[in-house]
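Chain nomenclature is as follows: A, B, C and D, assigned in order of appearance, with residue numbering initiated at 1 for each chain independently.
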């Protein structure tokens, strides 16, 4: 940590800052320049709050060097982790395909989507029972009934299930029914919810907030890890920008950046980022090429009647193309597709 | 609602869309042009989902004309509303000052801040007992103890209290202790939380999500209203942009825009938007000048030891300036400051 | 300037960096911590390029402390400057109103707008002869004919004139005809154009790039100053964000921030930032309240036939409201409106 | 084009709008709903300005359906174009690699970078003689001397040359010396410069403005096309967002979107978007995977001494990796690398 003094700071100001640091058992190294003095602060700096230091008389700026997260950081955990979901691995040298409907509507619709997912090479099924929707008048998901449908479709297809949870009160129920719980983009900084999923023994997929920095994303993961659950999969799903041709702007750079800062697997959601069916395949290819550990895709047999996000769902005709693309780009990336033999017929 | 067909759409595509609308008891007016055909859709259009319509074969775009919110809209409630908090009115022709510490730390600190708030002309006390923090290692608030302190300080000063709630499970407890509950920027789309505060009989202050559009903000308010609670105060607190000199960019335009679209009062938080003490007074002046119904400001007697957001808190020396500024700009705006006689000594 | 070494940096890496700095006559102070070493760099640091330093083996980060601009900085020029335009002052303790049509269309239209401007209390006339338009099919301005019209209207009204220049080749011609040349938002980083207006002896109004940081804005001003022209007025006109209700988001915080970093006057354009007539008055009030040294506003007698930006122009009915608002908020801000007696009838 | 009337619009308002359209030889179709009336406008709608229509009494909104650009649009030119640069094709079914130093510093440095470029499989050489820099104190390029060096290196290596032009006055000189002129991100809306390169007979690479929408990018291309030069290559180079880990956010979605809207080739610059050497390879892979027609990459033998953007330049050790990645991902994409036999030894 480095403290930059103002040009106008007095010797007294300087002494006060140095005393403050030493009283907290930190070490302070003072470097005097022509216009400015700089204090290097080492030792256990996590106890010092940047804001406090900035409030001290004469302080111009505080530059924190060490990361604001630890458990999810790669600094003390240099090897990238794999997370297993119902036996299916995600990361670090493979590509895992997750697919399914945006929202669970009926058993038949979910089963058909799961069948499409399997044909595309997916080894995990996605599907929403609780849907956070901007409008209170939009379909909010089937809730517990949706969870039961997902469990039945898992039974029928052998695909482990990923589903979103939106309320701390529902976490236990959801965790009972599915193999990985998802924290959606709007809840990335819903801290009670993060703490709740930090206390379960199922893996968690943490979507990046649509306007969160990578650092905030990793701090959100740290909330989960701090409660004891380190089985976290990060999911980039597009960020909010000024561009209006796409619903969000897929930030592919976030994948190598997050993989460098954190040991957790990082996957991409090409469906929600673009919000357009015609972009799902190119963005899937880009996702794998940039080094994502997996891809999560919406599929729906009849998207024109879907209760949620129909325009971005892949249809039957897209499935062979998706399967071929994932295979080809995993190979070009020197990775192998995750396959599984434990699937029922 | 207007449906724009693709240039390549066939007559069959057109018929399908028209049939679909009529089967839903909507009326469809077809306008044929040289290159394109356009369908005007009237009647009860809320039942039609934009995404569904966009999925129909041949449809290029769907333009929704009516607002996605109703209860908070000004369309059916043309007069701007006042919300009363413990007897203190907010809006539509007055300026209400809310002030207090970012976080409740001790009884003495809170009382001192409340005294500063009163000196500045505040008639409501703010103070956080539950603090959503980006880092799990930062101070998270005193919780129930903080609520008790706030209640005691209200007793001592007569100032009704506003405090944040972050979890649906805490809503009833918080509502018991305070006069207005606040939904913070990170929770603007925490829908279970919105629904929970929609069910209480205390007013709600809804901060705008730091990257939410005004439309999303009003839809979030609609979530609260839909559960029966229409005592909602909107609070603009800065949005996330590329600029790094300020923590967020205060969007003053959002005040007149939201006041035009919604009948709810709109206030501004100049402390969290800038994140800098030196900007609080100029932004307070701008807030009142642009037409805000109130301002909510951080004050702290010793911000250099504050456990949260010290660098943005006004100090003793700022209080007379704040009082004078609020008075002068309320007057210039043709509004009166809200005063109260029910305060204890 | 502070250089932060990587945790893995070797002693050799450290020596190389220190040698590099000393070979450039800089002084290096080394602070060793438990995990990291930090080098304080003082002396004439402007010669060191941040990027170079970052490229050295073992360097993790480089933090520049001193500003990247000098001539426009307040560090060496502590008092805020006034710029005089045809005898009319802008800043630092007054409010100057500039008004006129977005584009010059005819002599009559420009004269009528100038008359409206004067009635509103404007002492400078704005009007575009060269219009940078996103579409090549939109009206691009009258060019030299527009300049002649502006000169004639100045003659008729006594109002000095501000107009935009878009090409280095036109700078001399424009400077001959008008009293202040304007660099528009799209040209804020058109460096040959900045250099060209840096060489004239007329003041320059520099609009902030719609997605430029305040630091980039001040560096752009430095380009002008470096060529010898320090008569620069900064103009905030809204930045690009995700919000779509307004054309741009007016960043009122930029005014006090820029005034603190630079001695140059800072004004606001409330017409282009919102892009909506109904927002011009509230944003004008906010502009003055936040401390702007002036406001520049579009007016047009018949905006429904305007060739450019009609929807944001104030009309006859708005003029008395504008005059009253500017007067009232200047007074509340402890500033005086700039008036002039040299105007012809 | 669709005109949406306000709920409060009168019959007179409606008649005025309809008359206005018919007087301009447009056809107006009126659709009356319960709350609103909508007017479909067909025929030659380009003559109507959206802003004018919005200014008419009673008009709530105007929705333009047809694109604001024509010559670069795919609507009337359905097949994607190839652009040939000194004999080297860019698009539509191949991958072209362009590489070289950010800035030309010396003949030797440029030759060495060109040699690296060829080893990586590049068939075009990039290199800047005129550098637009945010700070007036940064290296601005060698100017005409840089052009001569580029011409000599082309002679020595056989690689056609791409270089940036920043001023209309330099366009002819630059065009004489090089094979493709580049418009940089800061000049995307420098309309006189666009018009100047529209008049030459060399291809133009148009970088997307760092905060420009895809629509604005295509309108900028239209400025060039309108002057007669249709040999335009679009280059996505990252957009400005709130994320600070990367210099800009590479918008890979822009490639398929722009290719769908326009027939022009679209390439990606992975060096300037991320601003970090470690991201260049992953972003290059993503660029090809998403469907880019080429990639333009910075290379430098000794980036620690580079006068511009050293931290993002690939070095000798990266070259074989780049060559392998481009080859593998072009193949996975079903495209072939552009090779050339006309290169000298």
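As a working rule, contacts are C-beta pairs under 8 Å (C-beta built on N, C-alpha and C of every residue); 3 or more make two chains touch, one makes a residue touch a chain.
All figures in this text were calculated on a predicted structure; none of them were measured in a lab.
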Counting one step for each move to a touching chain, how far apart are chain B and chain D?
1
If you tally C-beta contacts across A-C and across C-D, the winner is C-D
Over half of the interface residue numbers used by both chain A and chain D, so same, or under half, so different?
same
Fit chain B onto chain C over the CA trace and report the rotation angle, somewhere between 0 and 180 degrees, nearest 5.
180
So, what's the distance in Å between the C-alpha centres of chain D and chain A?
31
Chain A-chain C separation of Cα centroids, rounded to whole Å:
40
Rounded Å distance, chain C centre to chain D centre (Cα mean):
27
Listed in rising order, chain D residues that touch 2 or more other chains are 211, 240-242, 244
With touch defined as at the start, can you tell me which chain C residues reach chain B in the complex?
211, 213-215, 239, 241-246, 249-257, 260, 273-274, 278-279, 282-283, 285-291, 328-329, 331-333
Quick check on the complex: what are the chain B residues that touch chain A?
46, 49, 51-52, 54-57, 68-69, 132-138, 140, 166-169, 186-187, 189-192, 210-211, 216, 219-220, 222-223, 226, 240, 303-311
Can you name the residues of chain D that touch chain B in the complex?
2, 4, 7, 27, 29, 31-36, 38, 40-43, 60-61, 63, 65-66, 75, 211, 240-242, 244
